[in-house]
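Here you go, one structure.
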Amino acid sequence: MARFVAFGEILLRLKPPGRERLFQSPMLEAIFGGAEANVAVSLACFGLDTEFVTAVPDNDVGAAAIAELRRFGVGTRGIVRRGERLGLYFLEAGADHRPSKVVYDRDGSSIATAPQDTFDWNALLDGAAWLHVSGITPALTESAAALTLAACRAAKARGVTVSCDCNYRGKLWRYGKRPVDVMPNLVQHVDLLIASREDCEKCLGIAPAAGAQTDEALTAAVLERFPKLTAVALTLRESQSADRGAWSACLRDAASFCMSRRYELANIVDRVGGGDAFAAGLIYGWQAYADRSRALEFAVAASCLKHSIPGDFNRASVAEVEGLVHGDASGRVQR
Amino acid sequence: MARFVAFGEILLRLKPPGRERLFQSPMLEAIFGGAEANVAVSLACFGLDTEFVTAVPDNDVGAAAIAELRRFGVGTRGIVRRGERLGLYFLEAGADHRPSKVVYDRDGSSIATAPQDTFDWNALLDGAAWLHVSGITPALTESAAALTLAACRAAKARGVTVSCDCNYRGKLWRYGKRPVDVMPNLVQHVDLLIASREDCEKCLGIAPAAGAQTDEALTAAVLERFPKLTAVALTLRESQSADRGAWSACLRDAASFCMSRRYELANIVDRVGGGDAFAAGLIYGWQAYADRSRALEFAVAASCLKHSIPGDFNRASVAEVEGLVHGDASGRVQR
Amino acid sequence: MARFVAFGEILLRLKPPGRERLFQSPMLEAIFGGAEANVAVSLACFGLDTEFVTAVPDNDVGAAAIAELRRFGVGTRGIVRRGERLGLYFLEAGADHRPSKVVYDRDGSSIATAPQDTFDWNALLDGAAWLHVSGITPALTESAAALTLAACRAAKARGVTVSCDCNYRGKLWRYGKRPVDVMPNLVQHVDLLIASREDCEKCLGIAPAAGAQTDEALTAAVLERFPKLTAVALTLRESQSADRGAWSACLRDAASFCMSRRYELANIVDRVGGGDAFAAGLIYGWQAYADRSRALEFAVAASCLKHSIPGDFNRASVAEVEGLVHGDASGRVQR
Amino acid sequence: MARFVAFGEILLRLKPPGRERLFQSPMLEAIFGGAEANVAVSLACFGLDTEFVTAVPDNDVGAAAIAELRRFGVGTRGIVRRGERLGLYFLEAGADHRPSKVVYDRDGSSIATAPQDTFDWNALLDGAAWLHVSGITPALTESAAALTLAACRAAKARGVTVSCDCNYRGKLWRYGKRPVDVMPNLVQHVDLLIASREDCEKCLGIAPAAGAQTDEALTAAVLERFPKLTAVALTLRESQSADRGAWSACLRDAASFCMSRRYELANIVDRVGGGDAFAAGLIYGWQAYADRSRALEFAVAASCLKHSIPGDFNRASVAEVEGLVHGDASGRVQR
Amino acid sequence: MARFVAFGEILLRLKPPGRERLFQSPMLEAIFGGAEANVAVSLACFGLDTEFVTAVPDNDVGAAAIAELRRFGVGTRGIVRRGERLGLYFLEAGADHRPSKVVYDRDGSSIATAPQDTFDWNALLDGAAWLHVSGITPALTESAAALTLAACRAAKARGVTVSCDCNYRGKLWRYGKRPVDVMPNLVQHVDLLIASREDCEKCLGIAPAAGAQTDEALTAAVLERFPKLTAVALTLRESQSADRGAWSACLRDAASFCMSRRYELANIVDRVGGGDAFAAGLIYGWQAYADRSRALEFAVAASCLKHSIPGDFNRASVAEVEGLVHGDASGRVQR
Amino acid sequence: MARFVAFGEILLRLKPPGRERLFQSPMLEAIFGGAEANVAVSLACFGLDTEFVTAVPDNDVGAAAIAELRRFGVGTRGIVRRGERLGLYFLEAGADHRPSKVVYDRDGSSIATAPQDTFDWNALLDGAAWLHVSGITPALTESAAALTLAACRAAKARGVTVSCDCNYRGKLWRYGKRPVDVMPNLVQHVDLLIASREDCEKCLGIAPAAGAQTDEALTAAVLERFPKLTAVALTLRESQSADRGAWSACLRDAASFCMSRRYELANIVDRVGGGDAFAAGLIYGWQAYADRSRALEFAVAASCLKHSIPGDFNRASVAEVEGLVHGDASGRVQR
């Protein structure tokens, strides 16, 4: 089985119980997450041979992050133990008119401070079929951006398919560069790009044209600007309140444009990781189905399911995602 | 006060916290439930003199099951201590597009392996007005089916009213017989039958006729097929997602057909036991109200309330159910 | 900065976990609340210099109540240690068709039994700009009613603005007087009155006229009846189920009548304290904005946010309330 | 089987988790206890037909207290629903040099305010073999003392054996009488008295004589002073720290004096209810064994086991207590 | 690195919180354990390349068991998905004079019912250096005993070192054979045997001789009786109460006898798995140290540390065990 | 009342439940602590007017730290909101032979990176009687050391008494200086020094002389080396295991040497903060008692009590500490 590699950061996530505000109770749920780690875990849950590449500190927190990845069957041989701390974030779950809230505490993390010779990409990509990165790691530090670029270049050079989720996070870009200074260069080495409308504008500088630009036009503009891309997936997340929204997406390649089914999300349990679940679903579908519109449907259904699962990770199986694709959303107890 | 007897199984129910998937946290909520025990507890909460008859092992798990029944005022003198284990089930609560999930672990339970002379029905039914059974116990083993049949026969012979909830569970019928091999024979001894449309087809072999068969026609077909029945209640559970649905039911006897009010369920807390709450509500209403349509309304409201209560048991009082029947669903804080 | 003083009771609130019924698990969430304390905490969270005046027992429970107020920055120098017990209440959170339920256990509390010389209002109101009371404390005992009246009189005499939330609680009025025997006298000393339609009828004896009396007419009637009032705010809480409802309000003074935006509440986390959050929002807005309709909008948005926060207290900042006023209810994660 | 009746109070017990101080976390363990209820539950756990007589309010708190008794098989038909509130107490578990701490909140409880005609002792004692009371209920109010006395008188008149545990609690005696004003009169109607050295002094006015009075002499003095007593048990609790101590007791009747084995308690989990476990053990042993020294050994072992069990109740079986009496304290896992 | 293989059962372990009795709270800690799995996890924590061979059901419970092993780095490719259920056990933690208590519920488990062709030992042992089994799996069923024997035979045939921990559990031997009918035959294929004194008697039929037989003599008797053994380790567990005891062991091979240091255990957190930690420590030490007495010291220290860790697994590193061996038991905070 | 000022860091402390290892469960207790904050909280619990001076980030984590201090009545006006993150540490509670373990994550904290003009010491010390610092903040960064020195200088210049707890933490000194390069200079400005034997060696370069140097000699050497000191307290912590140890201390000033009582600690609940509790006790005693040996006894008893309380803070009152000083360590329930 071909190997799938994700590169980026794994974070400790600290969240108060239920819908409480931060430190309302003297207790925090402590799990692991982070955009790229979320993709790796979901791919492993889909049964793919998956490896996660990152750096974590050589202490009990780093060891726990590795153990958690291992629990899902994610390969961890590519994880380097170095640096001083695991990045972490505090999450407060919103409700109704109160939005969820993230407080980042990732400065000085092992991956953010990793030098350029940290990873031996030739060895790490040996036998790999796919490399996934996101726009979050390049947002951390100049060196993390360079590491991401090096990974993509090495992959491209070996004929490994590269996917990238733009994942614009405005608060993270603080080292003096703007996303548009960095991301377009990275996208030169990408085959499958995932972006929201905001990502297109903030990371790629492709603002929606005035007035009623369609998704067809926007994705066409992306492919035109980045002709080496095989395809671009545009995620169409709608948000009505902290608990309610909808998910759909569209996919364009040179030959075609397709729009997915749209899922109403009426009771969101945890929206963090919803985009990562989409990315993993798309990667899985890309290699599992001949038909790219099926891959897209799989990805959207995977993301939809993620919203019902606590934590960053999409603990859903291929069978569960396909069950939803094929229409079983009745909610009857399965027994 | 006349005594109400339920016969069947009490199970240990193990569920992860909140909406988590199984074993996401190293903790399980551990309570007791099971279709027939649920009916007994609800009847006791309605103030009826109720007895539960089953077999549980002579260990701490069996003792805790008995203590829990006692807590609600259910009589436990008819419980025999025998066998090796209490059946149990794992429950994962779904959300939105992710359905709830049950993993049964009931093989070899005390009631499933109980020999035919375990219960002295003459003594157990002495002074009883009502016996309730369900189609779950007969699904376990040949001997459990025979025990259930013996209970119904003994009740019928003594003039005790017998109710049965068909409760089709496809995964449980594994001992070589199909429900249609067993349940029709049992229903011969029943006065009040409770069934869903699926139950009618799977347990009684009465499939909805092609196209648009009405509930009126289906219930008429049941009464025609089982002429000893006094009445049949058809439950009309609608499920839109793991959190949303609706409940209504209709009731037919020789003289009349009535359809209940329909309740929208917009925020289901725990749907397990919703059918059992209906059964208990119908039994309560049957003896409390001269008018059977009032009994039906009570039953549907009871089931509706159950969906808002965590656990298998319907911890609702007659006053609360009647409050809902008479229209107080405003949700204002009661103080 | 001018000082805001609230007078009334702080209670221990005991609630089972999640949506459980009382004592379903052997554990209770134990926090503090109570109408007037809720107003004080919200004012402090809005950054105002706030003081809470009450009596609590000289034991660990009273000490914890004071510590909790202090945590939010509420001044506690005006709290007298006396009496035998802190009042408490049990709260059961409803769901869907099952309403929430309060069991009061406040008899004999420190404030209910406090003698008339307990508080030195001249000292307590020195430097104060505002006094807030509610109709709950006067409901407890004759002496508590007299204490409340004395506070309002002292404030009025010093030129301190007085607000009062009628807060009718039928179950509390048990000492032989009806609210209409007590509250109108109190309102004589009030500048800003907050009431629901039910409050108008039960506390002020101003029943909605037959048929379709408008909110405009009702508030006009209140001002006519109590000419010393500067303004009256009428809260328009709608309740569809335990989880769903809507909030709006209107405000009338001598010169104008304005109606607020109406917020749908589709997933209520905790509705207790929603009215108190409105009162605090109105007091805050009254002094922060020249425009009273802006004050009203702030108050309604504050109340709306409170419904998403567990506990009695509205742990929301001015920035968060203004965010909602200005339309950010998209529910996207804030990161 | 003869019936055992205990009369007194059942309380709600609120305790922070583990060794935390009160309100360190916003959560309290909420269980039920109280000296006389503890005796009833332990007797029921020993398999005796036990009834508890008290008054509890007609609300959800009272209902939960009854349900909890029922769970252990204690009969609750003699419980009257009346009054305003269930008494409660806050418990903070000490550790090492920090003693445990109790904050009572029992004023105005249903039993403390119950009028003299609340209980029909003729009916309640019909068929009873034993009545147990304690010195705690008489400490609450004059009426509660009178109720206790009436119970003992009625029992004595019917030939029912009466036991009383003096249970001196200095903080509770606040209604104007001292224990020595009340308890000696009560003890006139008692057959089996249980007391500590402090109880003898504070409740009976029998102070240890100067210097080295022996337990033999003290118990002799008690029997001399109260000649109607059949026997007196003197509990000899030693306390070295919050976690460590020792238990032993001696028993004197007209014919003999015996001293029990002494148990070191090296890791006390919960010392509340240890004395009640002794009382229940003595009552059980009194009727189960011909030899009173065996009864005493059973009682001391029961109390010793209680110290290892969280909560007020002694959830230990006869087999477990006898196991300890017969020397199995090895601590090996029982499997 | 050579591979270490353990064969046996992994169980779900259900335990009430803290020192509570079973079902005192409606919550159970749900983790995984079982003698042989415990050895595998400890070996993986020591950094060895470890594989666990067993059968688990093809459901979510079986999947969680595998994920948990993976988390610690244990290889799970040798785990066969078959059968109906994962065995489980309930554990109640004792305290002081109350011993811990295990209620088994392992009947009909996947491994207990596995047919003889379930495992391909040639493949599983390919490249392996060590096989560990215990006397627990042979206690379950005749087929499980045969599977264990087959594993040992296959290992021996390939020159793989075989260790066996006798682990006598009287309650498990219920299929008609006694340990002495089965274990001696198994031990013929073992190189390193681990046994307690009770194991020697119950499993091997080697009762301590009358009077004061020494450990030297007993181990010599074992080696004499089973001449193919390289060595036998005798565990010397002392138990004073549920919380206190001591651990030491001795080791005999053809050439020498050595006795370990003895550790006082003054505050046992969890004694389950203490013996398995010893076994894993001995296996680790056997291959890590030239000197067998060092291996023994490592094993005893590992077991000692395990008693301070909640759960079945010994989550201790080589560095931590060696730290204890070399005398750092001061208990100062490591910072 | 004179004001007491402490300067240093407040940290978020993350600890797994009970005796679990880090990340054994996906939950962390999240409270606040840190050596100097601990002293401030304890002083406030003793009823002193206390102010804590530090820098915390302007986010929800910093806000919660301030709220927690406020809860205990600590003044927080001197806290500056700046920088990127609150320092934190992970704590694993040991047991028996397994020591507790701290993993620091304090790099880049608000106080560690604060520039020299962050605090206006003239304003902060206005009206102050006492300043307390520790050797932990100087260990963080060169700037933090300079801030501490500036604080001490400013205090000294104003005649404010200065105390310092050396608090050697080897792992923290990583910025290129050794404690002996920094601390002696700081101690020049100190009146009351607190140190352990290790502190004397590592921070002051005063190694115990060869062989049997007495505590008298060591403290004399400290006073000789730092003649501006009024007194030095030497803490004599003994540690036998993670749960057991002993506490005593001695105090030397120009005129006298006194040795405290020694407390056995047989069941340590939480040893973190034990030294800080001593420091606070000594500061309290210094101003409350004329007799310095009484101050020392108070300090040692305070530290002893702290070991029984979960969390960093010593939530003990003066009455409780004095209770222990005067000999009430019986452990009887206080009711």
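First chain written, first letter: the chains are A, B, C, D, E and F, and each begins at residue 1.
One rule holds in what follows: contacts are C-beta pairs under 8 Å (C-beta built on N, C-alpha and C of every residue); 3 or more make two chains touch, one makes a residue touch a chain.
Owing to the predicted nature of the structure, the values given are computational and were not obtained by experimental measurement.
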Partner chains shared by chain B and chain E (touch criterion as defined above): A, C, D, F
Comparison of A-D and A-E by number of C-beta pairs in contact, larger one: A-E
Same or different residue numbers at the chain A/chain B copy interface, by half rule: different
Chain D and chain F: spacing of chain centres that average the CA atoms, whole Å: 45
Distance from chain D to chain B - Cα centre to Cα centre, in angstrom: 42
Set of chain E residues in contact with two or more other chains: 18, 21, 24, 26-27, 67-68, 101, 267
Pairwise touch network: line, ring, star, complete, or other: complete
Residues of chain C that touch chain E when the two form their complex: 24-27
Touch list for chain B against partner chain C, complex: 18, 263, 265-269, 304-305, 307-311, 315-316, 320, 324, 328-335
Of chain A, residues touching chain C in the complex: 18-21, 24, 94-102, 104, 169, 171, 239-245, 267, 271-272
In the complex with chain D, residue positions of chain B that touch it: 67-68, 70-73
Interfacial residue positions of chain C with respect to chain D in the complex: 14, 21-23, 26-31, 59-61, 64, 67-68, 84-85, 90, 92, 101, 103, 105, 107-108
